[in-house]
Amino acid sequence: MSPPVFAVERMVEALLFAAAEPLSAADLAERLPAGAEVAQALAALKARYAGRGVELVCVADRWRLQTAEDLAFLMTQERVEPRRLGRAARETLAIVAYHQPVTRAEIDAIRGVQANRGTLDQLLELGLVRMRGRRRSPGRPVTFGTTDAFLEHYGLASLADLPGAAEMKAAGLLSLDLPEGFEFTPGAGAEAEEDPLEEEAEFHVDYLEGEGEE
Amino acid sequence: MSPPVFAVERMVEALLFAAAEPLSAADLAERLPAGAEVAQALAALKARYAGRGVELVCVADRWRLQTAEDLAFLMTQERVEPRRLGRAARETLAIVAYHQPVTRAEIDAIRGVQANRGTLDQLLELGLVRMRGRRRSPGRPVTFGTTDAFLEHYGLASLADLPGAAEMKAAGLLSLDLPEGFEFTPGAGAEAEEDPLEEEAEFHVDYLEGEGEE
Amino acid sequence: MSLAFQSALEFSAAADAGLDEALIVDLDGFEGPLDVLLALARAQKVDLLKLSVTRLAEQYLAFVREARRRRFALAADYLVMAAWLAYLKSRLLLPKPAAGGDGELTAEDEAGRLAFRIAKLDAMRRAAEALEARPILRRDVFPRGDPEAARIVSRRPFEGDLYELMSAYVAQRRRREERLYRPPSPVTLRLDEAREHLRELLPALTRWTALSGVAPARRAEGPSRASCLASTLAAGLELVREGALEARQLVAFEEVYLRGRKASGHKAAA
């Protein structure tokens, strides 16, 4: 027999309130009595908190309670002035976010400049960007993508929620090269060309490359 | 003109939620717009949270939101898991990854310190490192390597995807002033000089691993 | 390494001014030719994909001319872009060649490609702004100030990415390299070898012979000439003490001469 919805809602509320970080539905389910309808409870809770001083939001597929955006002006004591990213870093981050997986060379090509080495490294260090894999193309360059910390920082539930991404995709602006004769094909990212690397054979080749590149 | 009660209630809610410690009515009044009816807002908020998973309580004249007492059982069951590896563990993991199969003594030699026994054990327990076999050398020391869970965690399709020296350089980690001797060929070395831990069983396991790379 | 980020540009100001003072004065604020082109394109106030590339080319060329007139040292890529745009413009203005199809892009394709790149950079710049406008954690929205326990944590096995792994690896390797730094010790001619060599030569040393002539010649991978000389001298002095050899030097810092001692030398050698 599954517990009543309002009971589960209370429990979810308490857990999210006490938690030091966003919790996934799975995290919650694990701590709740068997058969608890987590999704339902979350939806109910979200509705209950809508418009309040505290709200329930989904970031990086996890749930967290946070203060309402319009009350930011009150939070003078809690505000930590984050290290502001420079323009180059902000642009690079946007390019990685909207084009991932993307290589260093592609970032440079979009920005039209030979990037300052430090820009991407700064983002890596801040944990906003991570290495994802290797592109299946000559030289097998490393590709970059964003992290969960990125989503949490910007309050995004998932990459699909990147502002304007749908429109840009529809306009063909997210493909890396000029779309054929302006016939924009949404979703023509580089995903398909990323290397899943199943072949064992590549193992040895790779080290040779790595060594030889110096 | 004083702000409406509803608005003040939201503000109080947000302030109490974000505050690092309980706040007195005076603390709240100080941070709220002039003329805000703090007592009234607190009463309304208390009523609103009554019976919920989170409650508003007043202790020693200070107000705080806290989880409902009857839900305390939810809060205690979780054991703390290490979220970040310590430096020693990170370094040890990196050495195992790049030098596997590698013995305890070799890890110590590379790190230049007598390793804390616990470091490698922690990695074994986390399932990132496994015993691989025995080195064919005096004392037949056990050798260590990484697991599939390691690959999965770091998003690597295979060990061949470990970033090589070229990437370290590209990431600005390796500078040009490093001595010539900085070389590593992960997994290349001692393979031949190793015996499986349990002759037969291990043989199959290794074979399967080679084939079924995810 | 210093991260000299360029200060943010006020694009709307530049756009309002059209292509004039604002752009020229701000040259230092631009991150390369594409950046300038974007600012110029924005001033056209049309859909960036439908932009007039010939007009853009003219504006850019004027910009570069003006910038040079003001004696800004223009980076090569600005000039390369200028040359390419001039060429593109001329191709756009010329009547189209009858047949394409030899693989070369038409001028229209090139123009489209350029417009696309500009539109793309523009999109990314807007995306960066849109991201900054999001409710940012601890700037606009705040988590619980006093979480009850670190006990309620999300079940992520642990944090750490490849970058961290690489950093950890390099950090300790670097420490180790520092610790183990051992300059290669020079190859030297061993004293017993030098002695052996001298003993062999002894019967032939009936006259005063220069040390440099006595010392073994340098071999390819062998010890340096200086080492050969030094070791031979040391071995020679030992033999002098044993009475098998005589040595003399006429002037300080000049050549040392060696000569076998008749009877005793042969006795010692035997």
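General observations
Read from first to last, the chains carry the letters A, B and C; within each, the first residue is number 1.
Here is the rule we go by: contacts are C-beta pairs under 8 Å (C-beta built on N, C-alpha and C of every residue); 3 or more make two chains touch, one makes a residue touch a chain.
Predicted, not measured: the structure shown is a model, and the values here were computed from it.
Set against the Cα centre of subunit B, the chain with the most distant centre is C. Summarising the inter-chain contacts, the pair of chains with the most C-beta pairs in contact is A-C. Spacing of subunit A relative to subunit C, judged by their CA centroids, is 33 angstrom. Mean C-alpha positions place subunit A and subunit B at a centre distance of 18 Å. Per-chain CA centroids place subunit B at a distance of 35 Å from subunit C.
Across the assembly, subunit A contributes 15, 17-18, 31, 65, 67-68, 75, 78, 117-118, 124, 131 as residues in contact with two or more other chains.
Those residues of subunit C in touch with two or more other chains are numbered 1, 142-145, 148-150, 152-153, 155, 161-163.
On the subunit A side of its complex with subunit C, the touching residues are 15, 17-24, 26-27, 30-31, 57, 62, 64-69, 72, 75, 78-80, 82, 86-91, 93-95, 97-98, 110-113, 116-119, 122, 124-125, 127, 130-131, 147, 152-156, 162-164, 168, 171-174, 178-179, 182.
The touching residues of subunit C, when paired with subunit A in their complex, are 1, 3-9, 31-35, 49, 109, 112-113, 116-117, 119-121, 123-128, 130-145, 147-150, 152-155, 161-163. Within the complex, the subunit C residues that touch subunit B are 1, 142-146, 148-153, 155-177, 179-181. Residues 9-15, 17-18, 31-32, 52-54, 65, 67-68, 71, 74-78, 104, 117-118, 121, 124, 131-134, 142, 195-198, 200, 202-207, 209-211, 213-214 of subunit A are the ones touching subunit B in the complex.
Those residues of subunit B whose C-beta lies close enough to touch subunit A in the complex are 9-15, 17-20, 31-32, 52-54, 65, 67-68, 71, 74-75, 77-78, 155-161, 163-167, 169-172, 183, 185-186, 188, 210-211, 213-214.
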